[in-house]
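Shared chain: chain A. Partners: chain B in the first complex, chain C in the second.
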Partner chain A sequence: MSLVNFTTREITCKIVYYGPGRSGKTTNLHYVYGRVPETRRGRMVSLATQTDRTLFFDFLPIDLGQISGFTTRFQLYTVPGQVYYNATRRLVLQGSDGVVFVGDSQARQLDENLESLQNLQSNLLEHGVDVRAMPLVMQYNKQDLPRELILTQPELDDALNFRGVPSFAADALHGTGVFETLKSISELVLKRLAAGSPA
Partner chain B sequence: MTSTLNPRFSFDTFVVGAANRLAVTAGSTVAENPGSAYNPLFIYSGSGLGKTHLLMAIGHAAKTLAPKLNIEYLTLDEYVEAFHAAIAAGQGDVFRRRFQNVDALLVDDVQFLTNRKEMQAELLRLTEALQQAGHQIVLASDRPPAEIADLDERLISRFSGGLVVDMGVPDYETRVAILRRKAEERGTSFQPGVLEAVAKIAFPNVRELMGALNRIVAYQAVNDTPINAEAARQVLGVSGSGEQGAGSSAPTEAPGRASGADEFSQFLSDVTVTVGKAVEAWRARVAEAVLRWEGEGYRTARLEKLLDQDTPAAVDEAIAAYVQDVERLKALEAEVTALDPQTAGGKVFHDPDRLEEAEAAAATVREGAAPPPAPSAAFPLDGYASGPSNEVAVKAARAVIAAPGKKYNPLVLVGRSGLGKTHLLNAIGIELAKKKGAVVACLSTQAFVDELIAAIDGNRVNWWRARYRRATALLLDDIHLLAGKERTQEELFNLFNQFLDADRQLVFTAPAHPNTLAGLEERIASRLEGGLVAEIGEPDRELRRAALEPLLKQHRVPADPALRDYLADRPTDSVRSLTGLVQRVVEAAAAQDSPVSAGLAREVLEGAPAARRTTGLRTSGIVVSSAGGVRSREKMVWDWPSPADRVIEELR
Partner chain C sequence: MSTRAVESWTLQPLTDFVKEASVRLVLVLTPAGQVLAQSGFSRAVDVMSAAALGAAIVATTAELARQLRQPPFAALNHQGHRHGIFLATFVTERGTLAVLAVYDLDISSIGLVQLFYEQLAADLKAASPKGAVPKQVLAADFERELTDSLNTLFGR
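Up next, the complex of A and B:
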């Protein structure tokens, strides 16, 4: 997937929200959706189960308009977090320009986070992408939960962020950290473009 | 003529909100890198939203960062006025030059271009000139370029080619911030909630907001008691707690968090800056490449063309291809320089767009520089038999090999055909070629002539010459073949002189003394005579014996003094005929399946005794003649049918 198309003057960034089930990936997208002016956003596509779990994936296109003469679009995707939807996750990951790993801050979810992180790495490898080469940021969601239930950002960084990528404490339900995360991943993706490696 | 920049209008005093963040970011970027980031920058907004403030802030910031910059701020009206004045004074050119030397031109109120065709043309020309020179243009208008009535299409596209940003009406928070900032500037403080109440009134622009602030400041100054929110609303003519317009939704946001729209705008402006840097980064890369290769003396037209384009595809590939071409040129030039210093430094080797020409030029040089024909390895000096008849020639040859170009130059080997001139010539060549850095040209005169003809035909006489001029020794066989070849003689004459001057060895062979050769120009003949003319005579017995040894060894004939003596005593006029004799004897021996002996040789060479046939009884009936032909009894047709029978046969 071409990140920058000089002939049609388009920049398209595909950003995938990855993470264990119920960590708040779709919530992130919903928050962004709610803040983007109607004219700028496309229809948010969400295929959810009856219990509101993401069945296939969520898709939110955002049109940032003309930037430096380039029609700039962001496509935000989420993957279904449940373990048994791995084929879908792999499919959604295909051609992504950047990944946001949405981790669940709850202490008892740590193993799920780790498992999902490993799953991300192996799925990227299936596409021939080294996780180290892929722009990645970490978001530790649900930081609004009672202190005794959750791990703090430094603790989570210690446990999950062994690559030292940018990480954000977030409360996607109320929006804390959502745009910070999006901004950070956008910068990473766009910087890669600046480095002269339009994929 | 131009307005001066108002010092109050700087970035520090500009209150940034969601509605103008993009414009301000773009503006500060432009101020930091005039001419390189967004050019032109076109800012539009409704009246009183800070266009002028932003323009001047850009001017200030640019001036602060680089005090030497020549910055002009003016409104379009001022520009028009100045233009008219200049035209009236007949100073149109001076006017143009003045603006073309500006580093950053800030033009306000561009919307007044409507219905001013001549000014549009003038501005178009100026915009083009400034852009080409890499100078910054910032324009402000109350509407986007496309909506300025009657604006030239070219101007619209030019204005839109950089960055077009708008500034909207400030949101509630920004309005509060503006009011607080302005109140502070005036040294006035209000009760909590007053400024917020004012901010809730949706004024269409900041100017009116300022007017509102002025009124409550005045009201509070007149009355001793501090004004409260309700009073403020009354003063401003807004009754009750009714809020107007867009501001109403903002305060419902959770306190301490920016409004939703703001979050997105903030994100958008951040992304814009990042994209701007990323997209423009290619220009930086191209420019860097241009500078680098220009510095090394290469033509960079191809890269410059990239810069002219708005959106060249695959810049990095283009640069990489360019670099690759340059590297190729470098390699070619190095190669060519080594071969022929005269062709080095040619323009063609410094223009990657003419790589093909350079390749062709290098190929020509390479061909010309291809080593000239070398001596044949089939004639080693070891295998050359010497005797009294060729002693002089062999000694001369050894002297030449020991000190090429010093002792006998030229050396001319004279003798009849078959006496070993060619062998000796090549042997000298082989020995000379063993010396370090030696390039030995050794060929027959016929080949020399043919090459020259081909070179003339291919219009490549120069490379042909260059090819031989590189040689450290020139050995030509059968120089008498030059007879009548005027052009070759001419070339050889020049070559001759060059070789002599440079003490490079020349060796020739001829069937007779050069001055007796017909058709050879006097100047060449005399030069040939000027060296050493060494005659090779008919082989004497000693030489024949010496020559026989390797010959017999070659045919794996066991050493037999009687045979050698017999063969050496045979009268032969040349080594070649001696070789023929040996050949005949060896073949006959093979045919008879008997060892080579003096007796057999005598039998073969002097006529066979009658017994010969009977001795051949053991054979299969095939007798191999000395000529190598095959004669077999069984394969002979002895009885031919009568001609009549044959005809009938064929008719059937």
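Up next, the complex of A and C:
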């Protein structure tokens, strides 16, 4: 849940990057970490296995600066994508203000994407949150792979984007779509906050 | 040492705890990793990293206890070479809160921290708002300025 301090004029929001294993959630955070000036970000914390798969979460705090006089900070988290880490995914999702679903654009990964979306819905429900009420942005990663291996953005929208939320084609390794996605979810979360909804 | 509170009712109990227990760093946080008050940190982003890790420990130990059908861990303590780390949770009207404290072993001790933690938890329980807190809303120009600010940050 976001924290707004009207006395010190500070806002802190939690955004979770969700999606199947190896879809590029950690890569998104690495790219943001590499491009945001040091003065606007903290250390990136990765709780990973010895083979660099996310074990618990990655965490990156960033400072968006002043928005209408409020110092605005975002906490970016990733979850472990592998199916058997569901307990930790549920823990990381707790108190989130917005979700970026990072899908893998490869045609053969479509079932994994769908399974992960269903898993997101059920984990949010466990926290008493309806997925339809949660600010959500879709990112279709790995669009740089050969055409014959991947689905296009319209095809992925048809298959995954049931709510018609903002969606972005991305190549997180090289940064395509990374900031567009982050900007879009930031906008959704903060507009919801401005509207007075419980984030 | 600077002590800051996001929610003002936490400030006095935390200030007292810092003074009495002689701790170097303290966070009062929610289980979701949001900071309600802190003392001793110089950068807000460092506070958030510590809070995320503290919340992760709270979450994993609570889940471990739940799966073993045991009550949640009351407190955790680590004694290093120079610093000690103390983490504990308690329930208030504001919900479950956690306290993460780091202390220098040459000026404080786990006994001292534990003793004054009990007082801190009691003070925070007594001070926490009862019932729903009246909701304030952001100014009307917030949304208007949002797009400009995001464009500036993301360079688009």
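The working rule: the second predicted complex is superposed on the first by the 193 of 199 C-alpha atoms of A that agree within 3 Å, B and C clash if a C-alpha of one lies under 4 Å from a C-alpha of the other, contacts with A are read in each partner's own complex, and residues count from 1 in each chain.
Quick note on the criterion: a residue touches a chain if its C-beta (ideal position, glycine included) is under 8 Å from a C-beta of that chain, and two chains touch if they have at least 3 such contacts.
For clarity, every value in this text was computed on a predicted model and none was experimentally measured.
Partners chain B and chain C, brought together by superposition on chain A, clash.
Of the two partner chains, chain B and chain C are each touched by A:E187.
Once the two complexes are laid over each other on the shared chain, residue contacts for A:V16 go to neither chain B nor chain C.
Look at A:G175: by the touch rule set out above, it reaches chain B but stays clear of chain C. Once the two complexes are overlaid on the shared chain, A:G34 sits against chain B while remaining clear of chain C. In the superposition on chain A, contact of A:L64 is made with both chain B and chain C. Legend: residue contacts after superposition of the two complexes on their common chain; A:Q94 is shown touching chain C, with no touch to chain B.
Of the two partner chains, neither chain B nor chain C is touched by A:M134. Chain A has more of its residues touched by C than by the other of chain B and chain C. With both structures placed on the common chain, the touch criterion links A:Y77 to chain C but leaves chain B unconnected.
Touch criterion met: A:G42 reaches chain C, while chain B stays clear of it.
Remark: of the candidate stretches 258-266, 348-356 or 618-626 in chain B, the one overlapping chain C after superposition on chain A is 258-266. According to the touch criterion, the shared surface of chain A, contacted by chain B in one complex and chain C in the other, consists of residues 4, 6-7, 40, 64-70, 72, 179, 182-183, 186-187, 190-191, 193-194, 196. On the side of chain B, the complex with chain A involves touching residues 38, 161, 163-164, 254, 257, 260-261, 263-264, 266-268, 270-272, 274-282, 285, 310-316. The residues of chain C lying in touch with chain A in their complex are 4, 6-8, 30-36, 43-46, 48-49, 52-53, 56, 59-60, 63, 135-139, 141-147, 149-156.
Considering their complex, residues 1-8, 10, 12, 14, 40-43, 45, 47, 56-57, 59, 61-73, 75, 77, 87-88, 91, 94-96, 179-180, 182-183, 186-187, 190-191, 193-196 of chain A touch chain C. For chain A in complex with chain B, the residues that touch the partner chain are 4, 6-7, 9, 11, 34-37, 40, 64-70, 72, 174-176, 179, 182-183, 186-187, 190-191, 193-194, 196.
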